[in-house]
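Structures follow.
Consider the two complexes below, in which chain A is the common component and chain B and chain C are the respective partners.
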Partner chain A sequence: MSEAMENAMANNDMLLDELDDDDPLNATGVSRKSLVIFFLIDTSGSMKGTKMGELNTVMEELIPEIRRVGEADTDVKVAVLTFSSRVMWMYSEPIAIEDFEWTRLRADGVTSMGAAFKELSIRMSRNSFLNSPTLSFAPVIFLMTDGYPSDDYKAGLEALQKNTWYKYGLKTALGIGKEANDDMLAEFTGSRDTVVHAYSGGQLAHLIKIIAVTSSQIGSKSMTLADSDHELGMEDVYEAKQKMLGQQIQEIVKSEGFDNTIPFDTGW
Partner chain B sequence: MVELQIGQYIDMEYGGAARVVQELGSGGQGIVYLVEFNDMQYALKWYDIDKIKNPAAFRKNIETNINDGPPSKQFLWPKYLTKPLSTGGFGYLMDVRPKNFDSFVDILNTYKLDIDPLTGRAAKVPVQFKNLRAMVTAVINIVNAFRQLHRAGKSYQDLNDGGFFIDTATGEILVCDCDNIAPDFANFGIGGKPGYMAPEVVRGIEKPNVQTDKYSLAVVLFKLLFRGDPMEGDKVVKDICLTESAELRHYGKEAVFVYDPNDDSNRPVRGIHDNVIKFWKIYPEYIRQAFIHSFTTGIAEPNKRIIENEWQKLFVRLRSEIITCKCGRTNFSVQFTENADHTFRCPKCGSDTPSMGFTNLDYRVPLYFGCRFYACQTERGSDDFTAVTGELVENKLKAGMIGIKNLSQKTWRAKMPDGKFYPVGPGKGFPIWGGIVIDFGDDAKAYLNEANLADAPTSPNDPT
Partner chain C sequence: MQTTFQGLFHTLIGASHLNSGTVCQDSSDFQATEHYAIAVVADGHGSKKHFRSDVGSRLAVEAAVAAVSQYYTDPELFEETICEDPERVIRNIEKNIIARWDQAVHTHFREHPFTPEEQRPFTETEFAKLKLEAVYGTTLIIGVIGSCFTFGMQIGDGSLVIIEEDAMADMPIEDDETAPANVTASLCNSYAIDMFRSFFLPDKALAVFVSTDGLYTSFRSTDDFLDYHSIIASRLEKPEAFDRIVKRNLEKRTHFGTQDDISLSCAWDVEIMRNSLDALRQQVERNKMLAPLREAEHKARLQRQHEQRMRLIGEETQQ
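Moving on, here comes the complex of A and B:
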């Protein structure tokens, strides 16, 4: 039989299978819920050197680690937005975690955080980055910065706060070094509990991993029971995941006993 | 949490130390490491005690479980406790999962990731059941494992897709993550995994127990057979984002089964839930009814949930209704056309597969090469679904002559064309013919044509 004929027959078989597929073993993967993890990363000039080196390395290592967090239920995608003088996405759309490859970032310029917030609020939409036809989990949004915004971040934050995905999203922030302003970061996450601070390179690596893994697991992993003496109402579960995340992050920070006395920028 | 270092030694409760070899994976409550202890390899589950409400009570419960031992060999049960560290951290050792078992998660995904240790890049390797019998056998084994556990007065509490490993060639299973197993009505803080939790747990009015296990078990079975979520349909997808309140509604207060016959608001959506749409048509009515019951009546009335023994009977039946046609098509008998003489016609090739009736079964068992009878079918009162007591084979000396081989320990009696019954001892066989009647003893008989039963002897002592 010629190769062409064989191919034609194989195609025919496939067509037949599609038309009349009643094979109980022939399944596609279960429909998964989509989860997009947004990393908002400050790449301004002050991040130059050890901070950026540390961050690049930990992000490279992090990707394989969060690959399995979704297991059978969740399709995890990653989107990275960097901000310095310009606001830029690492890739033009969220990339499946299996296929994601970290592109090393370079630090330069000023801190256009407000512009980054605005850009995020535009992309976090059904018509843009959150266009999965299947059911979605609320996104995970993780902000990392070492300084104070050089633009009008409040305007950007206001735009973001009007975004429903942001409202339900799991928001965390990591301040790097002594310049980062935790009050401002708490404005972004909505609570102090979900803001952590890294003062040394080791802490930075450790905290990025813990926060990324913890926040992307909430919702898809087995969880402990909430203490409740009554049937849960909608008001009981409102922002429950954000609160749970804050609690878990604080527990981790406490148990690690981070030494906050030596600033990131000194003692190298 | 305190992570362990490779090469670190962890003291064991009753002496000796385990050496950490490598990390195997991490879960909601801790990390699993490969360790060496007394020259043997084990898996060490090491807890993140910050995520456990009452670590002392939790540890005590594991100790009790170790002392009680596993309810059956299908459990990857805790074996040895470690001493607690000064920080309170502790773990336990269990056997390492054999290589031929795949995780249930990978089966649901239909692939597993093979990760290159150098680059960290992942390649997809297909994971699929080798045949239909292996798949249904896996279902029976899962049901049976929980039957044994519940019989021992314990509940699993956190039944989900991460809890099983399955040999896709044979249907053998291993239940892992046995650390939340607790005496019925006791709970050490675990709630469960979203999507698998019983509605009353989601609503916060009940803690995990044997009855909530039954709900979660039905979800696991549904996922394995129908490859989708029993509660995720149109109503849920319309919400777009699964917020906390959406979860409370769709999996708790207003949970609606995708094929609820009295509520079509949550039907599967084409393009998203294609598996469920396809497989719902394939399974026989008694299987569909069992799931309808589980996810309608069973939502609000935990005591009316299907008991494991009932599931077991349904799936033993399903396994015996598999037909492998001459043309190679393998499916359940309901996907063939049943003729008046109880043969099953293949819609693809048109050939007929005969079937046998059993006096103690309310279904026909199709006969094809390699089909098997089990003790629970040929022996009255037996619920042994693993022991194969008979198999359809070809006579080794006469090609084309098919017969049944007695693989049981008992002597059967088979009616031959001369109208007489002949003894068929263990390991012996006999040809199949139109008027055949098999007397398994104890008033259990099988036949092709029920009319021939009339003149069959009622006891094995009748003249042959």
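Moving on, here comes the complex of A and C:
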């Protein structure tokens, strides 16, 4: 947890105590706004070796990084869905980032991305993974894959597109190596600007960190008061955030000098 | 049969609205007669195109109170009818509320045409496309305790909690799955009648609470939210004294929680409440003990999942 966030929480606790020691309603705590980040991770056989090794390492390092991204008044939760021959959640619910422990993943099997999309569409519900009262922001959804789906991803995507949380969620995708299909990933995110490619282990680690942190920062931004006299509607907020994410990701990719023409897997 | 009802209601402006100098978009009310009590809250949408939603929420609360009052013109007949076919009667009340609100919105607009200042944030084309009702868009949540039943209805986000005679708290209206964070069904929608959700309980509840989403979103869990209502119910014996504490707590919740406007309205039956005071206090004590157990159990479950997954990976690697 960042120092700023710790200070903010400590201040809040102190002020709460000062306000009314004898308030029996203090027995139920006050919670801050929260944001859920969904990671959809391809764990098919083709991810074996350096790709999965790098991914595991960077995800372990990423958790402390994400702890710092939420604004001081936002709690961040993480949910990880892996897909290969089977689709599996790392935990049965989104976990507060402070409590999250990364379980190292291993690669095997085929790429059941369509099944993963379907599973995500079921779980992104008030009756399931999104049942926290404090949920105040549309989720961040980050897809990572190195290949083309081996199942009917379009059917899965259709199911997902009917989900309102997905519709307003901040979506981004990372293609790993040349087999990852940009068109298909853009279908998932809704824009090419929010799709990037990693061609080496170093790029993979770097991009995962940048994208996860950037999308979480934008996702947890309160944008409802941007107008001088009026709040923005949810659709305006979604469009503004998705556009901002696309711009920032493209700027980062350009400034880092990643060359998308690097031949396949030379860096792995 | 005649009964005595009491109630309390509060609307607090959200910390974020205070900071930005925008107006409170919530409204609330409580009314009681010898036959029924009604608690009602509404949350105006507040975004750019709903620039009169503070008025819209007030009109919605007024429409709800007036509609229920109209149905109670002949209390005996109403009670008989609603017990026979609650679904049909509640739907008719919903229609009545929509019609009243719609009429009130048009009357308000006729008396207060849009000002140049209100039009300024829009282009001419954007402004021409605005639907009048949308400008006043709001949610609405209503809870009613009658002589031998309890019912409620809501459109959009927000919560309705009932405390029954056995002191148990419950949320009888299911979540609206079509509404993700900050997207809500509205009284201004053309199909508003199909967006209402309702419940009917053929028993008289001890208390019914309605609140806008700013309250629910300040809790870590639904269990905490329900416990909060049990605590309030257990203190209603001296409402004048406790009213101040509730207001202070709501102020804290908007300041330290999601910073949204918060409205809470509550109606209760004085006699049932007095008779159930012991049960209520016991329930609050039970909740106090259960809360840390729930937390510990939750943590242990997650730890088990982590360990199981580690074991599974270990086994797969060995194979």
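Heads up, the rule we're going with is that the second predicted complex is superposed on the first by the 209 of 268 C-alpha atoms of A that agree within 3 Å, B and C clash if a C-alpha of one lies under 4 Å from a C-alpha of the other, contacts with A are read in each partner's own complex, and residues count from 1 in each chain.
In the analysis below, a contact is a pair of C-beta atoms (placed from the backbone, for glycine too) under 8 Å apart; a residue touches a chain by one contact, two chains touch by 3 or more.
Given the structure is predicted, the values throughout are model-derived calculations rather than measurements.
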Check: For A:Trp165, is the partner it touches chain B (first), chain C (second), both, or none of the two (neither)?
Finding: both
Note to self: I'd like to know which partner A:Ala138 touches here: chain B for first, chain C for second, both or neither.
What the structure shows: both
Notebook entry, point to check: Who does A:Arg106 touch here: chain B (first), chain C (second), both, or neither?
Noted result: second
Note to self: Between chain B and chain C, whom does A:Ala155 touch in the aligned arrangement: first, second, both, or neither?
What the structure shows: neither
Note to self: In the overlaid three-chain picture, which partner chain does A:Gln217 touch, first (chain B) or second (chain C), both, or neither?
What the structure shows: first
Next item on the list: Return first, second, both or neither, reflecting whether A:Lys241 touches chain B, chain C, both chains, or no partner chain.
Entry: first
Next item on the list: Look at A:Pro24 in the shared chain and tell me whether it touches chain B only, chain C only, both, or neither; answer first, second, both or neither.
Entry: both
Next item on the list: Using the superposition on A, tell me which residues of chain A are in contact with chain B and, in the other complex, with chain C.
Entry: 23-25, 27-31, 33, 73, 126, 133-138, 164-165, 168, 222, 224-225, 228, 230-232, 234, 236-237
Margin query: Show me the residue ranges of chain A that touch chain B in the complex, using the header's touch definition.
Written below: 21-25, 27-31, 33, 63-64, 67-68, 71-73, 98, 126, 133-138, 164-165, 168, 213, 217, 219-226, 228, 230-232, 234, 236-241, 248, 251-252, 255
Note to self: Quick check on the complex: what are the chain C residues that touch chain A?
What the structure shows: 16, 20, 22, 45-51, 121, 175-183, 216-222, 224-225, 227-228, 231-232, 235, 245-246, 248-249, 252-253, 256-259, 288, 291, 299, 301-302, 305-306, 309-310, 313, 316-317
Checklist line | chain A-touching residues of chain B, taken from the complex the two chains share | finding: 1-2, 25-29, 50-53, 104-106, 108-111, 113, 115, 120, 122, 124, 128-129, 131-132, 135, 158, 160-162, 187, 189-195, 201-205, 207, 223, 227-229, 232, 236-237, 239-245, 247-248, 252, 271-275, 278-279, 281-283, 330-332, 335
Item checked: Residues of chain A touching chain C in the complex -> 12, 15-16, 19-20, 23-33, 73, 90-93, 95, 99, 101, 103-106, 108, 125-127, 130-138, 164-165, 167-168, 222, 224-225, 227-234, 236-237
